[in-house]
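One chain, chain A, links the two complexes that follow: it is found with chain B in the first and with chain C in the second.
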Partner chain A sequence: MIVPLTAYLVVAAVLFAIGLYTVIAQRSAVMVLMGVELILNAIGLNIVAFWRFTAPGDYSAQIFVILVITIGAVEMAIGLALMMLLFRQRQSVEVDGYMELKR
Partner chain B sequence: MMYIGGILVMILFMVLFMHDPGGAMMAGMGGLSPPERWFSAGLVPRGDGAGDPGQTEEAQGEGDAPEHQDEHRHQDDDDGGEGMMDMSMVTPARPLAAWLAGGVGLALVALLLLRPAWRLAPSMLPDPDSARQVGNLLMAKYMIGFEGAGFLILIGIVGAVLLARPSSYPDDPSREARVAVDAMPPPIEPEGLDPLSPLPARDGPAEPQRHSGRGAGDA
Partner chain C sequence: MTGSGLVAVPLLPLLAAALALAIGRRLPRAGGVLLVVSLAGSLAVLLSLRAGGRLSADWLAVGRFRLLVGLEATGLTWFAAAVVAATALAVSLYAIGYMRDEPTGQPRFFAGMGLFAGAMLALVLASSFIMLFAGWELVGLASYLLIGFRSREDRAVAAATRAFLMTRLGDMGLLLGWLLALLATGTTDIGAVLDAARSGQWVPGFATLLGFLMFAGAVGKSAQLPLSAWLPDAMVGPTPVSALLHSATMVAAGVFLLLRLFPLFQAAPGALALVFWTGAVTAVFAALVATAEMDLKRVLAWSTSAQLAEMMIAVGLGVPYAAALHFATHATFKATLFTAAGSMERQTGTRDLGRLGGLARAMPLTAAVFAAGALSLAGVPPFAGFWSEEAILSAAVARGPGRGLLMVGLALLTGVYIGRAGIAAFGGRSRGAARTGPPQAATMRAGMIALAVAAVLAGWLLQGSSLAGLLGMREPPRAGAGWRGLAIAAGLAGLSFGGGRAWICGGVPALGRFPQFLATGLDRATRAAVEPAKRASTDLDAIERVQDRSARALAEAVICVSAGLDAIEHALDRGARAVSGSARVLAHGAEWVEARGFGQGGDRLAAALGDGGQRLRALQTGKLYLYTLGLFVWAAGALGAGLVLLLR
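Coming up: the complex of A and B.
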């Protein structure tokens, strides 16, 4: 059985929407980072689906996805380090508490 | 096998959320917007267990008073009162976010209706030698990107370690300069302050203790 391309695209769209909601609505910075990861994974799923169904002979798409995952990992590491620093400064990782640049 | 593990972890999270005893994780779920109400039909926090969907509307009606309490808590947070910490997981922009995310998702799905006729490749079995092909491309055609990603990882790890390293001198001034802090804390009003009693928290419930101590020294 071949899963059609549309199914992959629908799943990726739903993942993207969940990630967007998470990024906007969650207060904890950990959840915001998880939302960013969801968005990145939706993009990766789209890329792999299009590679598989339109150009399965060209492996450039897989390399692009590998680079996207790599950069997502680096972003997660930096984000967690920043969160640890901020948590040490003020004992909270809630993103709507960081208002210093708005004043 | 890895996918089965991931799905099991997600089911575990669902069980944790639904068995949340005091409803503390769902504390901010008072006024749900319709997309959220549709998605979280059984998750509305109530006093007595999880009920049938017929009583959900009543639960929504009863949820008004806790919502007002929640707003009060937000105001207290802004004033810097140190009463109850606001423990809700979501920002006040949550209904807007729900509408926006639902709209974007629906728009992305709807774009599939008017998609162009992609020239789909004939379905074929995956190439068993694809790892070799990917490795060859990674080492020949995309070598600049590969090396750049490696360099980015190196810089990222070094930066993360520098940012988050545990220090034996956590009060060292060189570590304080990395995050913006109040250069001049607001002065303390002297009236009604017993000098032996601990200082009341002024701005922000979680300001480190040494800043207020230094402010007292300057005043």
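Coming up: the complex of A and C.
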């Protein structure tokens, strides 16, 4: 059975929506980072699906997805390092507590 | 450099003069010793150098003119310098004793004597006209200072001024002469000018003109007519001054100049004739006046004038050898006569021939010295004057019997006046003047005796071919025995006539009183000549006044113009002030605009921006989810807009 393109797109859209909701609604910085990861993966799924169904001879889409995953990993590392520092400073990872720029 | 020692010759007396003034306050008597030592040094240097040294340097080179300064010991200049130094040495030795009792001014006196001798040595040794002229003028200055030594006496001041101004008249000729020579040859080197004269490259009249101009200088310095009135007046100076001035330094400079420039005169027969005739007239005139003077020193002064005139005659006859020999012998016997006269005056307090008399017994040494000088002057063999006067006689006879007779006549007159003066002072009866002064100092005696010995021996020692060889001049052919005998006889006859008359009648004029009128005539003529000059100077004064007035008018006009310029300037100034005032106003306005406009505007802008910032800050919630939401809303909006644009 061949899974149609639309199914991939729907799964990707659901993933994106869950990621977006997580980023907006979650208070914990760790959960926000995880939402960002979901968004990135939704985009990756979109790109691979379009490549598979429209131009399977072109490898550029695969390379693009690998780049996105790499950037996602790096972003995750930096984000988690920032969280660690912030947690050491104020014993909290609540994103709403970081309000020093607003006075 | 063989000539480098030459510098010391004139420099030593000048240094002694400076030193005498410098230490004069502490050691007033040291000046005389210094002078004697320095002159002895000069003489020693001179004798050790012999002739032939030369020292010359460029002083100034302007265009084609080269002005040199330097010293040169040719035969003639070496000989003249030796005569000057030796005579000055003896006279300054005498002066130490003579000035012993002078209360004040000894340093000044000996400084003057040093300047006198040093300047004369520079003059005779000079190798360039500049140096010669400088020495010439310094000699004049020193004589002025020394004649006017007793500056509190009006007569001394008047005589000094007269001597200075009358010689200055002649000096103008010399100055013009050498400037003209400089113009013609481009150099002041005497040798070069003489070479140019010898080569005959000048137009014929030029050498004659130069000769006339140079001779004018010699006339003034050597007291020839018409510029001879200053010499007898100069007797008011202390006797050592007279002795030096009359023998070797001042008056001899004129004759020396003619000897030095003789090649120039050889190229100018007209000038030589003028020299001869001036000499002849002056000799007769001065000798006649000397027979009638009542003042012993004035007799000797006129005698100097006459003897210098004889040297002029010798030069005029073209026999410089005779003039040079007479220059030397005259220096010795005239200095001798003056020192004796001074010694006598010092002890009796007078030199009036009417009051002197019979002093030979009271002062035998002075009388003997005077006699040696007098016999030498009268040309009695073998005294010094005999040899030189015989040389002049020979020169004259060679040119004709008339000139020979002139010389014989002069010998007769010379005998008359010096015989009269000598016997009136030392022989016959005493006429009131007696020895009252202090005994003579040893230095005075030494100086007198040295000069007297020279006056006896100098002629015999110097004359002959060795001197002629040294000078590079020809000896004249000797006159016949008849002429020589005649001249000696004339001298002796004059001596016995003058002496005998003085013995019997005392110091009355030997040939009547008419020569005195000659003297007063010359005096009056001199004064008369001065009158037009005075008038001319007043005329010049008037001209000057006119010039002054026109200069004043010019100056006033200039002031007027400048006042006008001032007004214009004021106007310009005011304009400039107005411009600058408006500029200031503008600047103030600009400043105001800047302060109020830009400044406040800027402030307001900043305030508005700050306000806006404050308001915009309200947008920032600091809530992370809001930012994310905003981002997605914006992205969704952009995508929606793109979709709308795409579908349309």
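Basically, the second predicted complex is superposed on the first by the 103 of 103 C-alpha atoms of A that agree within 3 Å, B and C clash if a C-alpha of one lies under 4 Å from a C-alpha of the other, contacts with A are read in each partner's own complex, and residues count from 1 in each chain.
To be clear about the criterion, a contact is a pair of C-beta atoms (placed from the backbone, for glycine too) under 8 Å apart; a residue touches a chain by one contact, two chains touch by 3 or more.
Predicted model, so just to flag it, every value in this text is computed and none were measured.
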{"item": "Chain A as common anchor, with chain B and chain C clashing or fitting", "value": "fit"}
{"item": "Touching partner for A:I24 - first (chain B), second (chain C), both, neither", "value": "both"}
{"item": "Chain A residues touched - chain C or chain B, whichever exceeds", "value": "B"}
{"item": "First (chain B), second (chain C), both or neither touched by A:L5", "value": "first"}
{"item": "Chain B versus chain C as contact partner of A:I71, first or second or both or neither", "value": "first"}
{"item": "First (chain B), second (chain C), both or neither touched by A:A81", "value": "first"}
{"item": "Touching partner for A:D96 - first (chain B), second (chain C), both, neither", "value": "both"}
{"item": "Lowest inter-chain C-alpha distance for chain C and chain B in the superposed arrangement, angstrom", "value": "7"}
{"item": "Chain B/chain C common contact set on chain A", "value": "20, 24-25, 95-96, 101"}
{"item": "Footprint of chain A on chain B - complex, ascending", "value": "77, 88-94, 96-98, 100-102, 104-105, 108-109, 112, 118-121, 123-124, 126-127, 130, 133-134, 137-138, 141-142, 145-146, 149, 152-153, 156-157, 159-161, 163-164, 170, 178-181, 204-208"}
{"item": "Touching residues on chain C, where the partner in the complex is chain A", "value": "617, 620-625, 628-629, 632"}
{"item": "Touch list for chain A against partner chain C, complex", "value": "20, 23-25, 32, 95-96, 98-99, 101-102"}
{"item": "Chain B-touching residues of chain A, taken from the complex the two chains share", "value": "2, 5-6, 9-10, 13-14, 16-18, 20-21, 24-28, 31, 53-57, 59-60, 62-63, 66-67, 70-71, 73-75, 77-78, 80-82, 84-86, 88-92, 95-97, 100-101"}
